[in-house]
Amino acid sequence: MDFSYAYPDLFLAVVALFVTGALLPLLLNTRRGAIAAFVPAAIASALTAALSTLILFSGSTIRLAPPLTASIPSIGIALYIDGVSAFFMLIIGLVATAVSIYSLGYSGGSEEKRGVRSVGFLINLFVLSMILVVATNNVFSFLLFWELMSLTSFLLVIHEDEKPGTLKSGITYLIMTHIGTAFITAAFLILYFSTGSLSFDAFRSSAGQLAPFTKDAVFILALLGFGTKAGLVPMHIWLPKAHPSAPSNVSALMSGVMLKVAIYGLVRVTFDFVVPSSPGDAWLGLLMVAAGSSSALVGVLYAAVEHDIKRALAYHSVENIGIIVLGLGLSVVFLSYGLATLAALALLASMYHSLNHAVFKGLLFMGAGSVVLKTGTADMNLMGGLAKKMPWTAMFFLIGSIAIAGLPPLNGFVSEWLTMQALLSSYQVPNQVLQVSIGFASVAFALTLGLALATFVKLFGISFLARPRSAGAERASEVPRTMVAGMAVAGILCVVLGVLPFVATSAVASAFHLDLGLITPYSPLGPLAVGYTASGLSSISSLSMPTVLILTGSVGAAVFGFVVLAGSGRKPVVRPYTTWEGGFGPLGERTEYTATSLSQPIRTVFKTFYRPHTSIKREYFSDSNHLVRKSVSVVSETREVFEDYLYSPVVGGTLFLLDKVRRIQTGKINSYLLYMMIATVSLLLLAVFQF
Amino acid sequence: MQIPQPDIVALSSVALLVSTFGVVVRRSFAGWLSAYRYQSIVLAGSTGLIAYATGVWEIYAAAVLTLLVKAIVIPRLLVRVTEGVNDEFKIEANPYVSIRLSVLISALLVALSYALVQEILPSAGLDGLAAAAYLPVSLSLFFIGLFVMVSRRMALNQVVGLLIIENGLFLFTTALTNGVSLIIEVGILADILVGVMISSLLLLRMNQTFDTLDIGRLEKLKDD
Amino acid sequence: MIAYDITLGADAVKITVIGILQAAGIFALAPLLTGVMRKVKAKRQKRVGASVIQPYYDLLKLLKKDEVVSEHASWVFQWTPWIVAASTMSAALFIPIFVPFSPVSSAGDILVVLGLFALARFFVMLAGIDTASAFGGIGVSREMMMSSLAEPGLFLTVFVISLTFGGTNLTSLVGAAAQSGVVIAPSVLFGFIAFFIITLAETGRLPFDNPATHLELTMVHEAMVLEYSGRGLALIQWSQSIKQLLLLGLMVDLFLPIGMPASADASLALLGFGAAAVVVKVVLLAVVISYLETRVAKWRLFRLPDLFTMAIASAMVGMIVFYL
C-alpha cells in the first residue's frame, strides 16, 4: 500500500509537535516544564525518523509550499524532501529522539533545575530549524532556517552563563557562524547570477552548464562557508569553545546533528549544483581531501592532550568531520574521472560515517553530561572510579568509546573500513599526483585512527576506571533512568549499525540513488563487499560483521570451555587485594596516572606541533630571602596554533583599523544629524542631476 | 479642476517661507512656538486651497485637522510640558552656526530646493498641477528644518525643527498626490502628536537628570 | 599488479575442516614459538635456558592457579583477558598461515584482523589503567604513543601489499603471493622492511619493549598486565604468543612464499608440504628475530618514534615507487 499521500501531513504533524514542544513549557511552570518540552520533542523526533525512513525506502519526493508564501516563488518557503534530505532528516530524528529522552532527566550542569523551560523552548526550535534547513528548496528559506538554527544554538550555548568564559565562547561562535553564513550567501548569490533564480530546482537543472570559473568559485565559497559551520580546520576555533560551554544535551545535538546539517549543505552544493564531471574538477576533490585529512589530524592531536572531557569530545568532532570530508573529497575525485562505482563507495563511506558519528557522538556527550552532572566537574583529572558508581553510564560510554575508536564489531569500524577501502582503491585514478597525494592523506588518516584509539583509552579509562581522584568523584551516583534511557537508545543504534551494516548501506544507497553494483548486497546477513574490477583483477574484499561477531563469540565460548577443562574443573578463587605498588604498602590516589600524564609521551613526540610552554612561578615569603619558598606552581600549556598565528593577528589588525574609524563617532547629536543631512542632500543631488 | 489664482498660491508660499525664517531668526522658545503656530495656520490654509482646487473633501478634513492639532494642540502641549524648565534653556544663546549665517544658509537651501524641483518636474509629468507650486516650498521647509536640527544646541529647538520637517513633508505629500486618504492623515497626525509628547517628556527627564537641555553637554556620555 | 582468481574450486567441507585444523594448529604451536625464541636468546647469552616446551608448562600451571585481583579494579579488568583471547583467536581464523586459504576470508579481511588486534589492545590498555597503579599507567601511556605511531606504518604496509597483490582479502593476497613466488621488486622490499619493524613493535620485542623484564624503566606491555594472575594471565600470555605467530606467519606467507601451493585445489600432500615449509620458515624467522634481539638493547623511549618514522617512510617510498 502506498502511503505517500500521507507524507506531507506527517511532516506538518512533526512541525506542529515541535512548535507545541516549544510553546508548552513557556505556559507551564518549572516542574512540568521539562516534560512539556521534551515529550513532544521526543515524539516528533521519532516521527521524523520514521517518516524519513518511509520516504527513503519508497523513493518518493515531497514538495510542500505553505499557502501564505506560495505566491512569491523566490521569496517564500518552499520545501522539497528527496532522498538526500530524508537521509539527513533520519540522522536528525534518531539523535534528537535519544537526546530528548535524555533531557527529560537532565537539569543542567548542577542539580537544581534552572531555566529548563527556556532550554526546552530553544531546543525544540533548534531541532525544528535543522529539519527545515535540510528540507528547503530555495535560497531564501534555506538562509532563514539556517539563521534560526544558528541563533537558537547561540542562545543555548550561552545558557549557563554563570560559568566563566561562556559568553566569550558564545560570541566567538556567533561571529564564526555568521562568517560562514556570509560565504554561503556569496556562493548562492553567484549561483543566482548564473541561473537567474533563487530556487534550488533551477540550480539543479543548470548544474551541467556552469562556467568552470563559476563552478570553482561556488565550490570554494561553499566549502569555506559550510566548512566553518562543520568545523573544518582552520575555521574550527569556535568548536572547542562552544561545545563545552553549552549544556550537555545541547552539545550532543550540536556535535551530533548540527555539524551534519553543514555536511548536508556541502553535499547538496557539491553533488547537486556543482557536479564534478571532468578531470579538471579533480583538484576540488583534492582540496576537500587535504582539508579533511588535516582537520582529522589536527582535531585528534588536540584531543589527545585535552583533559576537559567535553572539550576533548569537541576536538574529536573536528576529527570525525575531517574523516567525513575526506570521504566526500575522494568521491569528488573519483567522480571527476568517471569512476562511478568507486565514487559511490567513497560517498557511502562518508555518509555512513556521518550517521555513525551523529549516533556515537551524541551518546558520548550524553555520557559526559551525566558524569559532569554527578561529579560537578568536567576535568578528567578529578574523576575516576565511576564505573562502579555509575555502572550504566559507564557501560554506554564504553560502547560509545569502542564505536568511535573504530573497533569491531561496532559501527565506527564499518565506516572506517569503507573509508580505508576507498583510499586503497585510489590507485585507479589515472593521475600520479593525485595518487601520491591520496597516499599522504592515508598516512594522516591512519595516524588519526591510532591517536583516536589512544585518546579514548584515556577518556574512558581516566574518567571511569581506577580510583576516584576527588571528592566529587567519590560522591557520584547513577543518573536518573530517563538519562540512561536516552543513552541506551543511542547505544543500541551503535550496535545495530555495526552488526547489521545493510541497514545503513541500503538507506544511503536509496537516498543518493547509488548504483552500488558489485559493492554491497542488501541482504541482512550478506557480506559488505567491495569489488576490484579494474585492469583485469577480480578479487573482492568483503566484510561480514555478523559473521565476525558470531565467530568471535564462538571462539570465546570455546576458549572458556578449554580453560575450564585445563583447570581440572575446579573453580578458581578470586581474591581481592591491594594493587602492587612496589612493596611500599597502600598508596593514595595521587599515585594514579592522570589524563595529563597519560598523554605526556604523545605531547613530547609531537612537540613541534603543540609548542608546549611551561612556566614555573615561585612565591616567596619575603623578597629578601629567596631560600624559603612559599609555593611553587608549574603551569604547562599547549598553544592553539591556529588561534595564535592566524586569528589573533587578524582580529588585532581589524581592531586597530576600526579604532581609527571610531573618530567619526563624536557623541554629539548634531553631528549625527549633520551626517544624515549630508547624506540626504547628496542622494537627492545624485538622483536628480545624475552626476 | 479650477486653477486658483496664481497669486494666492504664491502668497501662501511666501507666508510659509517667512514663518520658517521666523523660526531660524528667533532666539527664544516662545518665539519659535509663535512662528510655528503661524506656519501651521498658513499650512492649513494652503491645504484648504489644494482641497478647493482638487475638490477632494478629505483634504478639507485634513486642513481642519492640521489647524486643530498643529496650530492649537501641539503648541499648548509644549508650553504646558516645559513649564518647569529653566528659562535659561529656552533661549538659544550659543548655536553652532550663528544666526546670521543660518539665515544665509537657509536662503541657499531654498534655492537648492527650487533647483531640484525644476529638474524633477518636467520628467515627472507634473507640469500644470497647481499644487506643484507648493513642491519647492515644502522641500525647502524640509531642508531648513533639518538644518535647524543640525545647527542648534538647545533640545527644545530640535523639537521645533522636527515639527517643521514634518510640516514640509505633509505639504509635499498633499501637493504631490492630491491628498492621501484620511486614515493616513489621521495616522500621521497622531504620530506627530505622540512624538511630541514623548520627546517633551524625554526632555523633561533630561532636564531633571542632567539639569541641562544643552545637547552639546551630552557628548560627555560617549563611551570612550 | 598480480591477479589472483579466488574461486575455490575445492569442496567446502575440505576447506572448512582444514581451516579449523589450521586454527587449532596456530593455538597449539604458538607457545612453542615463544619457547624457541627464548631458547635462542638464552643460548646466545651463554645460558642453557628453559626447555622449548616450558611455555606450555607455564600456561597449564597458571590455568590451575587462583587469581588475585586488585580491589580498585572494575569489571573491565576481569573481562579483558576473555575479550583479548576471543579477538586474537578469532583473528587467527581469518589469517591463512599454514595453507593458502581460510574458510572465512570473505567475512573478514586484513583490515578486520588489524581491527581485532586493536580491540584487544584497547582492552589491555583499559585494564592497565583500571588497577590504579602507576605501573599500569606508565605502560598505557607508552603504549598509547607507540600504537598510534605504529598505525600509519601498518596501514601503509597494507596499502603496499594491496597494491602489489590486489585487494585486502587474505586468501587472495596469500594465494597471489604463493602464485608469484618471491617478488623482488623495490616496492615489495620497502614494504617488507616496514612490516618487519612494525611486527617487532606489535609483538613487543626489543628494541621496542623487553618481554622479559619487570623494571618500570623498560616495561611497556608487561606493565599493563602486571596485575594479572592465574587464568587471566594465562589467557593474555597465550594471546600474545598467538599474535606473534600470526604476524610472523603473515610476513612469511606474503614475502617468502616458497613451497606454498598456489591454490586450494592442491592435494593434501602438497598442502601438508606447504604447511611444513611454513613452520620451518617461521622458526627461522623467529631465530633471526631473537638473534637481533640479543644484539640490541632497549632503546630510549623517545628514540622509538624515529624507528616508527623509518617504517612509515619506508612504506611510503614503497608506495610511491610502485606508482611511478
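Before moving on, here are some points about what is shown:
Order of writing sets the chain letters: A, B and C. Residues in each chain are counted from 1.
Just so we're on the same page, a contact is a pair of C-beta atoms (placed from the backbone, for glycine too) under 8 Å apart; a residue touches a chain by one contact, two chains touch by 3 or more.
Treat the numbers as computed from the prediction; the structure is a model and nothing was measured.
Touching chain A and chain B at once is no chain at all.
At the far end from chain C, in terms of centres built from Cα atoms, lies B. Centres computed as Cα averages put chain A at a distance of 60 Å from chain B.
Rounded to whole angstrom units, the spacing between the C-alpha centres of chain A and chain C is 35. Taking each chain's centre as the average of its CA atoms, chain B and chain C sit 94 Å apart. Listed in rising order, the residues of chain A touching chain C in the complex are 384-385, 387-388, 394, 398, 402, 405-408, 413, 417, 420-421, 423-424, 427, 432, 435-436, 439-440, 442-447, 449-451, 453-454, 456-458, 460-462, 464-467, 527, 529, 532, 535-544, 547-548, 551-553, 555-556, 559-560, 563, 566-568, 570, 572-581, 589, 591-593, 597-602, 604-605. Within the complex formed with chain B, the residues of chain A that make contact are 665-670, 673-674, 676-677, 680-681, 684-685, 688-689.
Of all residues in chain B, those touching chain A in their complex are 96, 112, 116, 119-120, 143, 146-147, 149-153, 158, 215-216, 218-222. Residues 1, 3-6, 60, 63-76, 78, 82-83, 85-87, 89-90, 93, 104, 106-109, 111-112, 115-116, 118-119, 121-122, 125-126, 128-138, 140-142, 144-145, 147-152, 154-156, 158-159, 162-163, 166-169, 172, 176, 226-227, 230-231, 234-235, 301-302, 305, 312, 316, 319-320, 323-324 of chain C are the ones touching chain A in the complex.
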